[in-house]
Structures are given as structure tokens and as C-alpha cells.
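One structure, as C-alpha cells, below. Some questions next.
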Amino acid sequence: MSLETFWRYVPSLISGFEVTILCWAAGGALGLALGFAIALLYRLRLPPLRWALRTFVEIFRGTPFLMQLFLLYSGGPYIGLRLSATAAGILGLGLYSSAYFAEIFRGGFAAVPVGQIEAALSVGMSPFDTLRRVILPAALIAAVPPMVNLLIVLSKETVVLSIITVPELMYQMQTMAAETFTAFDAIFAMAIFYWLLVEAVSRLGRRVERRVTAFMTEEARPA
Amino acid sequence: MIDIRGVRKRFGEQEVLRGVDLTVDRSEVVCIIGPSGSGKSTLLRCVNFLEAYDAGEVRIEGKLIGYEDGAGGARRPMNARRLREMRREIGMVFQHFNLWPHMTALGNVAEPLLRVRGLAPREANERAMAMLTRVGLTAKADAYPARLSGGQQQRVAIARALAMQPRLMLFDEPTSALDPELVGEVLEVMKTLAAEGMTMMIVTHEMGFAAHVAGRIAFIDGGRIVEQGPPRTVFHESAEPRVRQFLQTYHDRNAF
Amino acid sequence: MRPQVILHSFGYLTQAAGVTLALSLAGILLGFLVGSAVCVARVSPRPWASWLGGVYVSVFRGVPLLVLLLFIYYFLAEFGLDVPAVAAAVGGLALSSGAYQSEILRGALNATPKGQAEAAVALGFATSDIWRRILLPQAFRLSIPPLINEFILLLKASSLVSVVGIAELTRVSMNIASLTYRPLEAYVGGGLFYLAINLGLAAVGAYAEKRLATGAAR
């Protein structure tokens, strides 16, 4: 492929990258919010609610993301859920990741030592204040490393959206490859691109993670 | 039996041992005491070269451990096989037992007999069983370490070391990780060993035990041996202020 | 929703589930060999070996599986290599899983307390015996639960090989969807199969973890 031909595709590749970022950010944010809500509701200890939440989480963790996307995108219209490919992609990423985020937050809550909660209650803090001032901060900090990890995993999952024709980077790249008969070059470039992207995001993530947890250990150290 | 001369050890910036001299005779029991961070454990670990000392000499029955004479008078690290052969003669008991959790008590004792001494399985098991009997754990032979109390685990660890028929035994705070009520059973086994004439070098915080069993006490502080002598002298007649202060703290803590 | 669509295609789905299971099993086993080799390289004292191992993990965890699968597919086509699609798919799964498995094995090795190797050193064990008798048996036990978990993840990831046309569970669900014009039922049916397999595997994993918890640890 000549440089000139490639140049013609640059705008569509850039727009593809934008869609990738949009899906990642929006899907991740949706998953984070939903997952947090699930973990909080789980703490209410209402058996039927717990059972329902558990089922939700098991279903989304027990089936492939691609199947969930198919179900949402091509099965959705049959139950009155008509979504554009991109909307289905974002909603799919959000639902899928919410199950994992919920488990992460549940683990975060479990990581708060009972003693800290007892200490708060023993000095007369209300259960709400105990949750807000003692449990939540500790749980969120404990959840940071797996959250960073999950966000990295999600950045790779956005590629799967190309299968349901979400016009993200992989989709645009394949379109270009099909039109210019350069499948191998294109996929090679994609591999390098994603490797560098994930590597960069991982490094950034580790740095954020170290920041947050170092602050915590610093704080936790007795004066 | 053990000859330690001018041993120095540095961890990065910090010099943990700053020229230690100590000898242990055959059948002698030497207890090493001192404040935490004084270099007690490091010294003990230099004796079987789990820790490589930087300068000085450690000789076991006259034989230098860890180093060999190299070209031009410089010494070089000892051949790995020869080092292993020397270590076989030196038993070691650790603070945290270091039993292998995937093997039973009997398996833990028999394993080195099989792998290192090359005994046949039957013979190894027989000797291992005899050792467990010696530490009073015949009934626990088939139990995994997770099912044993700390005191029992440490006794298995002692049996494991003894089964190799070592010429001397090193104990690195053998009771420090135990609940108070389990300390006695381990010390009892060690007392018997001492009475049988085993050469022992013991890092410990059990002053009462040291006073009764040790032939000699070595007090170490800041990487040097500050004072050594018979228990009575060190515990009651020492003029060295650091020793007196250390013992005072110990007495205060244990006074009711 | 018409559940009978699922019932009618039950036979196809069962067969496809078998293909999915076989693909992932081959992937996880081959991946274990890859992962062991990479792990050995990473803990090697030779700098170039541990560097190579690190690069392997970074590359195969960094490149999305879909990209990797298509890469292999096009790579074979580009150089005219006649490799069956199934073999290419299993190879892709194994290469990717190998990166994750090497990390699991390395973690298990690091999790074995240092004192246990030290006790063996003090007793005069040869290095090879320390590995064979003390470190590896324990590392293997410790890695069984995470390896089962990795198997579940790989089984789900194997749905991506549907894009190269292998008739596994996802592909067959797609076919049923387009043949019957009933995508909802087809995908729910396929999903139930995945769910059943994974819940079964998760139960095995939980059982293994419980067994190991009572056998080991201080």
C-alpha cells in the first residue's frame, strides 16, 4: 500500500481510535458505577436481593463477552431494545464489567478489618458515619489495584466490539485492510499498537496504584 | 569445634557484624543473647554459611566453611558440593520451624535421609520414626504440619535436624514464635540433647533456660561480642553497663 | 421468547459445547507447557533469559486475543503455510494463556516461604532436589485454583475463535440465530451451556481450594 493510499484512511483510523476511547471510558464508567451499586446493595443483607445480585454477577462472569454482545445487539430488538452498535457496545461493556467491578468492591469491603469497624462503633460513630468515614475509604483503597487491572483488561475487550460492527479502531483497520488487500500489515500494526497502548496504560496504572497505596501505608503508620 | 575469628558482615550500608571472635568446644552449649538487631541470628547463620560473611573466618573442626583458597592467595566461594557436604554435619533449627507443609511429620524427617544421606526408604522411615520417638511425637508421625501445634512442629524440626546425625546443632530463637505454654516442651528436648553431650550454639531470649543449660553465655551488641563467660558471671557479676541494662529490662518485663 | 427453539437445537449446542471444551482444554494444556517454559526463563539467573520471558509476557498479555488470533490466521496465509484453522486457533489460545499461566506459576513460586528452601539448604540438599521435592510440588498445589480460574477465562475467551469459522459454541449459536431468526433464544441457549460448564469448573476450583487449605499452610 502506498503512503498516499494510507493517508486517505488516516481520518477514519483517527475516528476509530476516538470511538475506542469513548467505548472504553463510557463502558468502564458505567461498569464502575453499576458494580459499586451492586456491592453496596449486597451489603443490605436482604436474602432475595442478594440472590438476584448474585445471579446477575454469575451470569455476566460465566458467559463470554462476545455472547453477551450478540444477545444485546441482535436479540435486543426482539424485546424492544433497539440500540445502535456503539450504544450496544457501551452498554455491553458496562454490564459485563459491572459484574467484575462488583466482585472487586465486595473484596474491598471484606478487606476492611473488623477491628476498625468495631473501633468506630465503640467510640459512638453512627453506622452511616462508620460506612462513610471508615469502611468506604479503606475499601476503595483496597480495591484500587484490581480496578486498575480490570480497566486494562477492558481496554483490550473494546476490540471485540468490532465484531458487532462498532466503528472503533479494529473495525476501521479491517475495513481498510479489506479495501486495500493488506490484511497482514494491518493486523501486524494493530498488534504493535495495542501492545504499546496496553504497556503504557499498565505503567501509568502501576504508578497511580503505587501513589494511592503508598499514601495509605504512610497514613496508617503510627506517629 | 567451632572457631569464629574476626567475622564481619555488611547488609548494604549497615555493618551487622563488626569483627566477632567466638569458639565453641566439643559438647559445649553456648547461648548467644543480646538486644534485637544486635546481629545474633546473622552470626549463627554465618556458621553454616546460610549468610555469606564478608571478612574473617568460620572454621568447623578446623575446616573453613564457605570459602576456598583461590589463585594468588585470594579466597573464592567454596565449591557448592563441598559446601553441601559440610552443611550435612551441622543441624539447624529455625525460629519459624520451616517444615515442609506438603509432607507429614515423618516425611519431613525422612526426606533429607532419602535425598541427602541416600538411605533406602525403609531405613529412612525407621530412623525417622526413631527420631520422632525421641522428641515424643510417635503418635503424630502421619500428621501434616498444619495439624500440629507450634511446639510439636518445632520438635519435628529438631527431629529432622537430629536424624542427619550432625556433629553440632544451631538453634535460631527456637521458641520465639511459640505461645508461652508451648515453650517448655521444646526447651525440654533441648535440655536432653545438651545432657547427651551435643555441641550446641543457641540464640535465645529464654534467660532462665540459658542460665540452666549453657556452659557459656555470649552477650552480643552492635555487632560485637561485648562479654562472655559462665552464666553466673554474665548474669550476676557483669560490670559491663550494656549487659546490666539489658538484663534489667528483661527482669522488669518479667516481674509480676 | 420460545424456549422450544433451544430444545430443538439442544443436540447441536451439546456438540458445539464439546468442541469449545476440547479447544480450551488443548489450549490450557499447551499453554501450561508454554507457561512453564516462560516461568523458568523469568526466574532464571541469566539476565537475557529473564528479559526474554518478561517480553513474552508483556507482548502476549498486551495484544488482545482477537488481534492475536487474526494475526496468526493472516500470518499463515501470508506465508502460504497450510495449517488447519483449528490448530491455529488452539495455538493462539495456548500462546496467550501461556503468558497468564507463567505469571500464575511465578506467583506460586514466590508464595512458598523462603524458610522452607533455607531449611533444605541447611540440611545439605542439592539445588535440583530443592526444586524437585520442595518448591515445585508446593508451587503446583498453590497454582491449581488459579489455573482452574484461568481455564474458565480461556473457555470464555475461546468464543473469539468463532471469527475464524470454527464451529464451537458461539459460532453454532450464531448459525442457529440466523437459521431460525430467533437470536434471543439462540444466544440464551448458548449462554446457558457456557454458564453450566463454568459453574461446574468453578465448583471444582472451590473444592480444590478447600482441600488445599486444609492440607497446607502453618
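A few comments on the model shown:
Labels for the chains are A, B and C, by order of writing; each one numbers its residues from 1.
Everything below uses one rule, namely that a contact is a pair of C-beta atoms (placed from the backbone, for glycine too) under 8 Å apart; a residue touches a chain by one contact, two chains touch by 3 or more.
Bear in mind that the values here come from a model prediction, so they are computed numbers and not experimental data.
Chains A-C form the pair joined by the most contacting C-beta pairs. Using CA-based centroids throughout, the chain positioned farthest away from chain B is A.
Chain C has its Cα centroid 45 Å from the Cα centroid of chain B.
Chain A and chain B have Cα centroids lying 53 Å from one another.
If you average the Cα atoms of chain A and of chain C, the two centres end up 21 Å apart. Remark: chain C residues 113, 115-116, 118-127, 129, 133-134, 137-138, 141, 214-218 touch chain B in the complex. Across the interface of their complex, chain A is touched by residues 58-59, 61-68, 70-71, 74-75, 77-78, 156-160, 162-163, 170, 173-174, 177, 182-184, 187-188, 190-191, 194-195, 198-199, 202 of chain C.
Here chain B touches chain C in the complex through residues 48, 50, 80, 84-88, 90-92, 94, 96-102, 111-112, 115-116, 144-146, 153, 157, 160-161, 164, going by the rule given at the top.
The touching residues of chain A, when paired with chain C in their complex, are 58-59, 61-68, 70-71, 74-75, 78-79, 156-157, 159-160, 162-163, 170, 183-184, 187-188, 190-191, 194-199, 202.
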